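Letters are used for the chains, namely A, B, C and D, taken in the order the chains are written, and counting of residues starts over at 1 for each.
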Amino acid sequence: MSEFDLIIHGGTVATAADTSGCDIGVKGGKIVALADHLAGASRKIDARGKIVTPGGIDGHCHIAQLTANGVWSADDFKSGSLSAVFGGTTTIIPFAAQNHGESLRQVVDAYHKSADGQSIIDYAFHLIVSDPTPQVLGQELPALIRNGYTSLKVYLTYAARKLTDHQMLDVLAVARREGALVMVHAENNDAIEWLTERLLEAGKTEPKYMPLAHTMATEREATHRAITLAEIADVPILIVHVSGREAAEQVAWGRNKGLKIFAETCPQYLFLTEDDFDKEHFHGAKFMCSPPPRDKANQEVIWRGLQNGLFHIVSSDHAPYRFDKTGKMFNGDNPPFPKVPNGIPGLETRMPLLFSAGVSEGRISLNEFVALTSTNVAKLYGLYPRKGTIAIGSDADLVVWDPERRVTIDNALLHHNVDYTPYEGITVRGWPDIVISRGDIVCDHGKLTAPHGRGVFLPCERSSLAGSVGHGAVGAG
Amino acid sequence: MSEFDLIIHGGTVATAADTSGCDIGVKGGKIVALADHLAGASRKIDARGKIVTPGGIDGHCHIAQLTANGVWSADDFKSGSLSAVFGGTTTIIPFAAQNHGESLRQVVDAYHKSADGQSIIDYAFHLIVSDPTPQVLGQELPALIRNGYTSLKVYLTYAARKLTDHQMLDVLAVARREGALVMVHAENNDAIEWLTERLLEAGKTEPKYMPLAHTMATEREATHRAITLAEIADVPILIVHVSGREAAEQVAWGRNKGLKIFAETCPQYLFLTEDDFDKEHFHGAKFMCSPPPRDKANQEVIWRGLQNGLFHIVSSDHAPYRFDKTGKMFNGDNPPFPKVPNGIPGLETRMPLLFSAGVSEGRISLNEFVALTSTNVAKLYGLYPRKGTIAIGSDADLVVWDPERRVTIDNALLHHNVDYTPYEGITVRGWPDIVISRGDIVCDHGKLTAPHGRGVFLPCERSSLAGSVGHGAVGAG
Amino acid sequence: MSEFDLIIHGGTVATAADTSGCDIGVKGGKIVALADHLAGASRKIDARGKIVTPGGIDGHCHIAQLTANGVWSADDFKSGSLSAVFGGTTTIIPFAAQNHGESLRQVVDAYHKSADGQSIIDYAFHLIVSDPTPQVLGQELPALIRNGYTSLKVYLTYAARKLTDHQMLDVLAVARREGALVMVHAENNDAIEWLTERLLEAGKTEPKYMPLAHTMATEREATHRAITLAEIADVPILIVHVSGREAAEQVAWGRNKGLKIFAETCPQYLFLTEDDFDKEHFHGAKFMCSPPPRDKANQEVIWRGLQNGLFHIVSSDHAPYRFDKTGKMFNGDNPPFPKVPNGIPGLETRMPLLFSAGVSEGRISLNEFVALTSTNVAKLYGLYPRKGTIAIGSDADLVVWDPERRVTIDNALLHHNVDYTPYEGITVRGWPDIVISRGDIVCDHGKLTAPHGRGVFLPCERSSLAGSVGHGAVGAG
Amino acid sequence: MSEFDLIIHGGTVATAADTSGCDIGVKGGKIVALADHLAGASRKIDARGKIVTPGGIDGHCHIAQLTANGVWSADDFKSGSLSAVFGGTTTIIPFAAQNHGESLRQVVDAYHKSADGQSIIDYAFHLIVSDPTPQVLGQELPALIRNGYTSLKVYLTYAARKLTDHQMLDVLAVARREGALVMVHAENNDAIEWLTERLLEAGKTEPKYMPLAHTMATEREATHRAITLAEIADVPILIVHVSGREAAEQVAWGRNKGLKIFAETCPQYLFLTEDDFDKEHFHGAKFMCSPPPRDKANQEVIWRGLQNGLFHIVSSDHAPYRFDKTGKMFNGDNPPFPKVPNGIPGLETRMPLLFSAGVSEGRISLNEFVALTSTNVAKLYGLYPRKGTIAIGSDADLVVWDPERRVTIDNALLHHNVDYTPYEGITVRGWPDIVISRGDIVCDHGKLTAPHGRGVFLPCERSSLAGSVGHGAVGAG
């Protein structure tokens, strides 16, 4: 056997199915050997007493994105990829977001431009489709899907983004024909606007009232509708950021009908509640994301969904806004809640939070953690087997975890370009010691060890989880 | 790197999570290396164009067992292990079955005696508990569980086997305290007997009437009851051989309540229907097992359950009786159906049938096939990671499949000691070329290449799927 | 005791709860006495061997209405009330239908003009709200509700009628504040249009393709959405013309959540199927209504819903179009299905069909028949106790049924202004012998015995079933 | 019109469907006239401002019954009927309870003897079948059912009463063949015994631990099993005293499957909770009945079930034991909970409690109150139309309620032979002023005005709600 560029020695190596003690041999950025003992490398990492997992893949994060109302996300590909790396994430899939009147192809080109030469780690793009013109549906999307942009995101809410049911059916039909997967932000826009009007009329303008406009019923309705449209178009979909029982029940209901409905959740629905919105001096805005976190009972529902297979992936929905005039206060010091940019940072904390509360505290197995944060994401978005596992031939994207290291989350520790974290003060057990991307050590015990710009764009294949076309089984394969 | 005893070269290697092209290096009966290319072995298998999976584990088969009514299962450990091997199964977990008045320890000793020096492949034992005396509950079971018999089977039907609800709670409490997993045969004995009396009164004695006594309602009720008893005792259970929609819905219902309910199904519920019981000249008896197969619509329900995670394992429930005086006709040439031994052979056909209809026909992924037939079985019964996967340190129990080989099932091809197969005439795509047990090639293109007696007893650890005690998540980890 | 104007003697008298043999004494148009024997009337009807029920109330019929696409319903108040009477219906509640840009008050005035002096029987109006302008919401509706128009109908489909979710919430909020009941036509307009486009593109233009555009999924989605909007606005609603399992399950789901969701079905969902649409020479158009009838299995679901309390009322949804240039062929001899006016006649057949298949064939009790066709309608729409029962003080609106009379339905027998009936050839058992309105015999053994114009407008009170405001129980009271 | 024996003048008269202001004319013990104004009676009751309902029928009460463990119920037909009357109940249906080894016919004879000449009001008997011998099944039951004992009660718990599933199927088959209705006490005996053993082992002997043995799961399981056995035998059943969500969900589930499952609940599940069991000095025993009351959330579930039609009847399950050596302390001053006779008094409080919390507080309509406490009971047990309504020809069993009278429940007010009431201190609004049985005023403003012994035995017809045989609809008819 040839020599290796890198050997990770003596760790407990976990995949979505297996846990075994072995050495990992890396060459040319790929995993080329797994064995009880390997030798002959220029570099060797001692992982004894450590856990080695595939690098995290964050399938839902907003980077260098201009929101419809003119606010830039605080992180660009430099700070975003930096933050990702320190949190054990080695692949990010942000969005190329079309605004009304724009050509999707030009949008993609612009996002590539903002990413080129910036990212430490590899990345792909989902396409946000806000304006499905005949040109977009008939020409741009088919070509882009063939070029490796195989996941489309649509919104059922936000005035500037939302599609009509007819437009959504058009997009689903293209997805079916061309082999793309459609991600759906499912909230009923009209109901939220109507409730918001009522709240504002009553002078209820503070952040804590936002969850009263974005109720579980508004999320449930749109989830049911999205599932129905997917049933009519006969194509799988993914419901993103499921927040609690009501939407979760719709996902289970659809799946029991035999529909291929995938679901994502995020750490905010496991660690935060709407009570967090009720902080003085506008600080509640720091927790404002949509749909909002619910309550403790709903956190348990989400945990159960992670345990019993309801959710396939856990993403951050990183939507970074600073607590200042560039972000949460873009529309004033204490604007009414509909004027506050929706979104919270979470790229760096996603993996440690889930490792700690999930694996360290025994709620999910180590293998389930790997599946939810990496393997299933890669399979869902057509990056597998290049990404998402520790197997021969896969990219050597790896995290060496110290399972006993305790860290209290403090924004000063984090590397995003946001001046707060909603998870401030939470102590986690388990932290990434070393993060490796394509065989390169990119982060070593809290030090960045790789340059910006080394990350490459990853064209995506058709989803191997969602399968070819039409509804079928939703399995773990 | 050291030399290997065996290298499997160039195959597509599948685990429950991953599929990759690599070589497998075996030494001392263990998998010691996975790499893009390995060299230096005394023996090398060319697996190019082939699929390599973990060897099958059959978690539900009756071998060398005397039924309560005096009929021996047709297969002993010689013929049973032979049949298993030719079907790609490298571990069997038959039962040590206690009859009333017997000491469980002595039962176990007796079964060991019948297995010693006979089996080609490794084996463990489940304990059938028919008479939970204070001695059994208080002393024998705790000791046996500590000795590696960590799965207990109880029956809610069959006069000679069935426990009262009180006895079942006693057994569940021991399982909880000592860390065992209880498997439940869930049919309502009273209801079946009552319906049988009505049918016999009406002169409806032929095999085709048996499913009218063993209705889905009788299975559903006992499933609900078993789940309730597990809820009360606060311990996981496994419902074995789920046959159709009604019982499946109860499993899903229990799991949605947060209970740790595992479920098994068998090929008979995917390939047979109750119409098969309606054959002339008593030939319907060849399909008689309990619960009986249902109809085509229920087959679809079972497939969906394999696809969406309802079922964790697929077993054969191999209960071999010849179509002669030693078996199906033990009580006469054409006895009324309650006098016919219940059970069908299936040890050898389990893996090819599921590979073909599942993987080759696209109903489940290759990884799901591995999970259902091997990995999850090993995890469920405390044999993982020694058995059930292709990972460094695991036993080199492997099957090299020719995914394109077409075989029409014919009893003459099979190696069990039964004079028929219920699957006669079915053509499958995909067949085991080579079967390997602890690094030994035991079956090579239809030839037995290993001696009887090489198989060893496997003491089982606590279930890693069922976890410690109490209900929690049911996941894939 | 004073003398009576009319005595109905010796009949079996049925209310929604009771069946008893007694005489009914009528004076001044009211029921003033029930007794084992009454005497002293100027007129006496011998009802021995007959069944006496409250007169039917048809809570859903289109009379003298101009559809949005310019087609008039074939029946005006003359022919409509005539047809109603012959079918045992003594109260009709058609619609005053607002088109875009119209004042609701002026619409109501116009409908009153078309009804004045025409109707044989009493009538009320529901208000169809198509254009909920601030003027309509803020002034016209509150005033009209106070004037006795306490039920509002909204559409989620039909381009010219459909409300946005926001508009529907506005209407629901008015209903809540002012004490009105909102009826919802629940089909997803976008999905139907999208499917229609696909069918037309494929050249599938005939009536038989219409159900492929109006699928159960499109009805289910809108039903779920309507329930959600009612939940958000915290007000009861009525889902009209539920066609089958999918929508019915949503109603049950909503009610199990504690929401006050009422549901209506119609004879077409009990007697017709979508197979009826597949008739040569455009004759399928004779069965075209929306949502369309489904299949035999769904008919059973609807019957079960009548039996177990899912449905509170059975209406005709009489939408009469002739099979000629004024109706079904308004847009040509064989236009594509979206160009065919949707709707079928049923005012006259509603009561006999349900009496026969329901009561005579034993599917529902006589009391349930009375509840579904009369009492619950009166309670739901604020006409109780004036209408809908046989109790002291109520209007003497009565039907004397010959429960054994067999009639084969033949359009020549009917009195609507439509040249066909979709129920042609069905033989019913049970037929109205005598129909009485406010003590007047209006129809006697097939002869009209009262003049047009005797019917009066009935201002409606607040619904006594839907209660005050907010969700609460849905009971039978 | 002839003269009347009695006229009730000017009341608001309520049936299960209607509410109207009218006079009621009574002659020969029957209702013979309802009219706006009646005259010519020897006696007249001024009911202006009052509500007149049918007399209550208590379909579940234990009178003059010896429990299996040797304790007599504290009320005989004298005190029992007295208590009933003062609470507005005019018909009682206690049990003739077979013990092991007894002839059912002789049991019935004995109960008749204890009732003869004692009861103030009319009564029927349910048969408790504890020992379904061939003699009982084949001869006694068929004859007794034909003699007017058309309801059978079976137990799935209590050592001395409980039937095996096989025995229950035997009883259900007789019920089906002969047209009887089977009432089921559904709790899993084995599970309760097993849990009780665990509690006693742990020294948990006080009344407050009883609900930990009789959990909702033990009730749910037996409910599911009873439904399954009814499904297998193809015959309707009634689940008595449903206590909370888990059993209620099973009833709804069975009914949704199309099975004819009726359900009863009792005031204890609306007004008490298991917290009441936790009283010092053994006073918790005063609340002990089986199944036990649950918690506030389950009370809401039961209210909802009353509102949406889940429950057909509300009974008292009056099982009177004094808080002394003859009753709760029969086995000592503070015996462990399994030694305490199960049951609480409630015959006299049933109607006022439900009137107050149901009608006065707006949870159910007056008509629903009548249906639940009287009409449906009469229909269910074959006493309709003789009992249960205010209609021509029915027995004049009536209650004149003062809807505004406030009474604080105090055992000193009550007339049962029990020295406490579990409802002590509850203030109700609405109380019976006058109670009439077959035209006789039996209770007038708190004074007994009729002799013991005037009540007669009522042979029951076949249930008109449960219908003939087999499962069908469960409606309100």
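What to note about this one:
Criterion: a residue touches a chain if its C-beta (ideal position, glycine included) is under 8 Å from a C-beta of that chain, and two chains touch if they have at least 3 such contacts.
Here the structure is a predicted model, which means the values were calculated and not measured.
The minimum number of touch steps linking subunit B to subunit C comes to 2. Taking the mean Cα position of each chain as its centre, A sits at the greatest distance from subunit D. Centre-to-centre spacing of subunit C and subunit D amounts to 39 Å, using the average Cα coordinate of each chain.
Subunit D has its Cα centroid 58 Å from the Cα centroid of subunit A. Subunit A and subunit C, compared by their mean Cα positions, are separated by 51 Å. Looking at subunit B, one finds that none of its residues touch two or more other chains.
If the chains shown are joined wherever they touch, the resulting network closes on itself as one ring, and no chain has more or fewer than two partners.
Here the chains touching each other pair up as A-B, A-C, B-D, C-D. The part of subunit A that touches subunit C in the complex is made up of residues 164-166, 169-170, 188, 190-191, 193-195, 215, 217-218, 220-221, 224-225, 228-229, 231-232. Interface residues of subunit D, counted against subunit C in their complex, comprise 1, 13, 15-22, 25, 32-39, 252, 255-256, 258, 303-304, 306-309, 363-368, 371, 375, 385, 389, 391-394, 472-477.
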